[in-house]
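The following pair of complexes shares a single chain, chain A, combined with chain B in the former and chain C in the latter.
Coming up: the complex of A and B.
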C-alpha cells in the first residue's frame, strides 16, 4: 500500500514538473507583464518582478485600441464558432444519415477543401469580398471562417458511430429528421460540438493576415493586429507586449475553461448504468 | 421540449449576431452613402463656392509603430490643422504592420481602388512591388507640375535611392544610416581612444576588449542583407555596387554585382578575422538592451535607435557613434540609406492625387524633417533642415545626433539602397550563411559559394515567375 502511494506521489510530481515546464512561457510572460523595465533588462534574468507595476497594462490598453480589438475578435471568433457548429453539424448529419445522389462526390469535395492552402485563396477571396462591398465589416472577416471541412469530417465520423437503431426507434415514435437532429443527435454529441467550438474559437482568434487585409480602418482591426502595434520596430518593448499578450489570452482561456467541463460531462454521459 | 426551445433560441441568436454584424455595417454604409448623396446634392445646389470647400480625404497607410507612430500622428494632426485646413485636405492614417504591403498587394491584384491608399509609406526593399504599377504616381512628375521641394534639396545618395532611371518614384521620408555604437568607457579601459576605422582594426580590438573589460563580447552584429549591403557598398573611394543595373535603379536587378566586382569576396575574407577574434557575437537578441547593459563593447545597427540607446544607457557610461568600419584602408566611411519613402497612388481622383502631393511635400519639408532629430535617430532627408532652428538646437546640445546626417551627406552617390526584387529570400539566405560562417560550420569559401549560388538560384526563380519586361 505504502509503495503504491509512493508511486502515485512520484507520478504526480512528474506531472507537476511537466505542467510547469509547459506553462512556464505563459507564467513568465505574466511575470514580465508586471515587471518594470529595469527588471526585464537586468543582466541577471529575473523570474519574478522586484516590484509589481501596472504601467505595462496601462500602455497596452490605452496606447492602442486594444479593448476595441478584443471586442472585435470576440464577436468574430464567437460568430464563427457558432456558425461552424451549425453548418458543420447539418452537413455531417446529411453525410452520416442520408443516402442521396452525389453524396460521395460532395463529401470528397468537402475533404478536398482541407487540402487547399488558405494562402492560395486569399487574393480571390479578397476580390470577392471587395466586390461585394463588405470591406471593413465583421462579415468580411468572418465569412471565410464560417464553414470548415475539417469540422464537417470530424462530426460526420462521430455521427457515424451513433447507432442507427436509435434513429429508427425515434422515427417509430414519431420523431422526424429535424427533431431527431435537434433533440437527440445534438445533445448527445455535446463533446464534439464543444471541441469544434473551442478549436474554431482559438483558430479564428489567432488569425492575423486575413483580418489585416480586409480591414483598413483602425477600429475594425483584431487583437492579433493590435498586439503588433505594441512592439517597436527598432527595439522590443517586452513589458507592454507581454501585457497585451496576457490580455489577449484571457478570453481564450475563459472559453477553454468553461467549455472543457462540457467535454468531460458529455463523455461521462451514459458511461455508467445506474 | 424546453431543451429544443433553448437550442432554437441559441441558433436564432447566433444567426442574428451574424446577420447584424454584417447588416449593421451595411446599414452604416447605407447611411454613409445617403449622407454623401445628400451632401453631394446640397453641394450642387449651393454652387461652386461650397464645392471648393469640400474636404478631400487622403487615405494614408503607414508602418510606424509605438513612439514613431505617435510622432507620425502628430505630424499628420499638424498638417490637417494647418495646410490641410487651408486647402481642405484631411489625411486619415491607417497602420499596416511592416512591410505594410500585404493589403496593398491584395488591393492591387483586384484593382480595388476603393480600398487602396492615396499615399503609402514603403521601405525601399518593397519598391519592386510598385515600380511597374500603372497607378503609381511618380514624384518626379508631380515635382515638374510644381513643388516646394527641389530635387537638389535631398541628400544625394538618399535621392538616388528613390530614383529609377534618374526619375524619383517616391519621396524619401524616414531615413537612417548604419552606425557603429561603441562603449567609450570600455574602449578606454582597453586602451583605445578612438573607435575602429577598418574591419581589420576592429578585429584586432575585439579580443583586447573582452580581456580587459567586463564585456562578454567585443562586437555584436547579425549580418543580414542590409548589413552586408553596407559593407559591400562602402568599399572604395566612390563606393561599390551591390546589384547590377545600378543596384536596380537603371533597369531590374538580376544578379549580384558585388560578385563581379569582387567586393563580396573582400568582405567575407576580412570578416573571417572578426570571427577568428573569438569575441564576436553573430546572433541578435535584445541588442539595444545588451549594449546598454555593457554586454557588448560595440554594436552595429541603424541610426534610428540613437534615442532608444540614449534612454537605455542614461548616465551609466559614456558612449559614442561613428561610421561603420570599412573593409579597406582608404575606403570612404559612409553608409547606404535605409528606411522608407512616401509613394502616391492614383485612385482615379485628381483631387486626391493633388491632396496627396500636398501631404507628401509637407512630410519632406525642412520643418518636419528637422523634427526627426529631436526625438529619433532618423536623418533629415531635406538638407534645408540644417538651417532650421530645431535641428541646430538639438545638434548643439547633442553632437551625436548630427553624425548620421554627416555620414549620409558624405556618402558617395552610388552608395544607394538596392531594389532587391525578392529581398526576403535573399535576406534569409545571407543571414543563415553568415551565422554558419560565424559558427565555423563553413569556411570563407563555403560562405562565399553559398551566397553566390543561393542568390543566383533565387533570382532565377523570381524572374522565371516574374519575367523582366
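Coming up: the complex of A and C.
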C-alpha cells in the first residue's frame, strides 16, 4: 500500500506540473500585466516583474475604450443568453408536447442548422445587415446568435422526460398552455436553462469574427475585437494589452470555474447521442 | 372550424415561429443565397450583375492564393486535430483516478476551452516576438515565428492545439471514467501492463467519444480564421491563408463578392465531404 500512496503522490505532482505548464501563457500574461515597460522590453527574459505596477491597468481602463468594450460584450452576451433560453424553450416545447403537421420536417431543419457553419454564411449575412442599415448596432452582433439548434435539441430531450399527462393534468386544473410553460415547465427545468445560459454567455463573449465584421466604430466593438486593436496604437506597448487580456478573461474564467459541472453536463447531453 | 380549434391547431406553430423565423433569415436564406450567387458575377455591393454558370468555379481553381488556401486549410486540420485529441486523451488518462488534487488540475486542464482565440492570440503574439519574446530569448533561438513563411502556419497551429486540448480533455475524461472498473480490475489480475490496458481497453471503449470529438473538430478547424486574422492576416506570402480567411479577404477587403461565394461553397462542401468520410470510417473502426 505504501507503494500505491507513493504512486498517487507522483501522479499528482506530474499533473500539477503539467497544469502549470499548460496555463503558463495565462500566468505569464498576468505577470506581464504588472510589469513596467522596462521589464517587458529587457533583453534578458523576465518571468516575474521586478516591481509590481498598476500602471498598465490604469492605462487600459482609463486611456482606452476597454471599459466600453466590456459593457458591449456584457450586453450582447446577456441578451443572446436570454434569447437562446426563451426561443430554445419555446421551440423545444412545441417539439416535445405537440403533434402537428410538418413536425418531423421542422425538427430536421433544426438539426440541419448544426451542420451549416456560421462562417460560410458571413457574406450573405453581412449583406443583409448592411442592407437593413444595422451596421454598428447591438442587434447586428446579436441577431445571428439569438437562437441555436443545439440548445433546442438539448431542451427537447429534457422536456421529453416530462410526461404529457402532467401537462394534461395542468390543463384540467385550468392551467392554460402559456401558463403551463411559464409557471411549470420553465421553473422545473431551471438546471438546463442555467446550462444553456452559461454556455451561450461564454460562447458569445468569446466570439470574434462576426462582431468584427458588423462593427467598424470603435465604441461598438466587443471586448474580443477591441483587445486586438489595442496593440495598433503602439506596436511595442504590451503591458496595457496584457492588462486588457486579463480583464477580458476574468468573466469567462470565473464562470467556467464556478459552473464547470453544469456546463460539462450540458455539453455531454448535447453531444454524445446514445 | 370554430375559432378555438383553429387556435389549437396553430398553437405549436406559434411557439416555433420566432426560432424558425431566425433560422430562415440568418441560416437557410444566406446558405441558399451563397450557393445561388456563386454562379453569378456580382458587383462590389454584392448585387447580381449577370449569370455565368460554373465559370466562377473554373476561375477560382486557377487562383493561386485560393489553391494555397485549400492546401493550408487541410494542413492546418492535420496539424491541429490529431495532436489536441491525443493530448486530451493522455491528460484524461493521467487524471482518470480521483485524487486529492484532482479538482485543481482538472479545472486547469479544461480551462483553455473558456479562453477566446483573440485573448490567447495576443498572449502568443508577445511570446513570439522575435527580438524579445520569451520563447526566443529563453531558448536562445532566433526564429521568426510569425514572419517566416515556412513556420508561420505551424506557429498558429500550436496556439490552436493549446485552445482545443481542454475541450478534448473534458470529453475524454468522462469517457475514460465511464469505462467499467470490473474490466480494468480483471485486466489487472491478469497482469496487464499500463500500455496494454490503454491499447486494449481504454482506446476501444472511449472511441465513440473520440470519434465525436474528431468529427466536430475537423468541421470546426476547416472554418478557422480568427487567429490568422489577428496574427498574420494570411501572410507572410499567403503562408497562413485559409479558405474562410480567403472568403473574408475577398468580400471584406476588396469587395470581390464574385469570388467570395464560390470559395465559401467549396469550403462548405469540403467540410461536408470530410465529415462524411469520417462517418464511414467510424462505421468500420469504432467499437460500441
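Just so it is clear, the second predicted complex is superposed on the first by the 190 of 274 C-alpha atoms of A that agree within 3 Å, B and C clash if a C-alpha of one lies under 4 Å from a C-alpha of the other, contacts with A are read in each partner's own complex, and residues count from 1 in each chain.
As a working rule, a contact is a pair of C-beta atoms (placed from the backbone, for glycine too) under 8 Å apart; a residue touches a chain by one contact, two chains touch by 3 or more.
Treat the numbers as computed from the prediction; the structure is a model and nothing was measured.
Looking at the shared chain after the overlay, A:142 reaches chain B, while chain C stays out of its contact range. In the superposed model, A:41 lies in contact with both chain B and chain C.
When the two complexes are overlaid on their common chain A, residue A:182 makes contact with chain B while staying clear of chain C.
When the two structures are aligned on the shared chain, A:213 is found in touch with chain B and with chain C. When the two structures are aligned on the shared chain, A:111 is found in touch with neither chain B nor chain C. When the two structures are aligned on the shared chain, A:249 is found in touch with chain C, with no touch to chain B.
Once chain A of one complex is fitted onto chain A of the other, the partner contacts of A:166 are absent, as it touches neither chain B nor chain C.
By the touch criterion defined above, A:23 reaches chain C but does not reach chain B. Ranking chain B and chain C by residues of chain A touched puts C first. Residue contacts after overlaying the shared chain place A:32 against chain C, while chain B stays out of touching range.
When the two complexes are superposed on chain A, the residues of chain A that touch both chain B and chain C are 41-43, 86, 122-123, 126-127, 146, 209, 212-213, 225, 228, 231.
On the side of chain A, the complex with chain B involves touching residues 41-43, 63, 75, 78-79, 82-83, 86, 122-123, 126-127, 130-131, 133-139, 142, 146, 179, 182-183, 186-187, 209, 212-213, 216-218, 225, 228-237.
Across the interface of their complex, chain C is touched by residues 8, 11-12, 14-16, 18-20, 22-23, 25-26, 28-29, 32, 40-45, 47, 86-88, 90-91, 93-95, 98, 100, 103, 106, 109-110, 113, 115-117, 119-128, 143-144, 146-147, 149, 152, 177, 202, 205-209, 212-213, 224-225, 227-228, 231, 238, 241-242, 244-245, 248-249, 252-253, 255-257, 260, 264, 267-268, 271-272 of chain A. On the chain B side of its complex with chain A, the touching residues are 3-4, 7-8, 10-11, 14, 17-18, 21-22, 24-26, 29, 59, 61, 63-69, 94-98, 102-103, 105-107, 109-110, 112, 114-115, 117, 286, 288-289, 292-295, 302, 304-305, 308, 312.
Of all the residues in chain C, the ones that touch chain A in their complex are 9, 11-13, 15-16, 18-20, 22-23, 25-31, 33-34, 37, 45-46, 91, 94-95, 97, 99-101, 104-105, 107-127, 132, 134, 137-138, 162, 165, 170-171, 174, 208-209, 212, 216, 219-220, 222-223, 225-226, 229-230, 244, 247-248, 251-252, 257, 260-261, 264-265, 267-268, 271-272.
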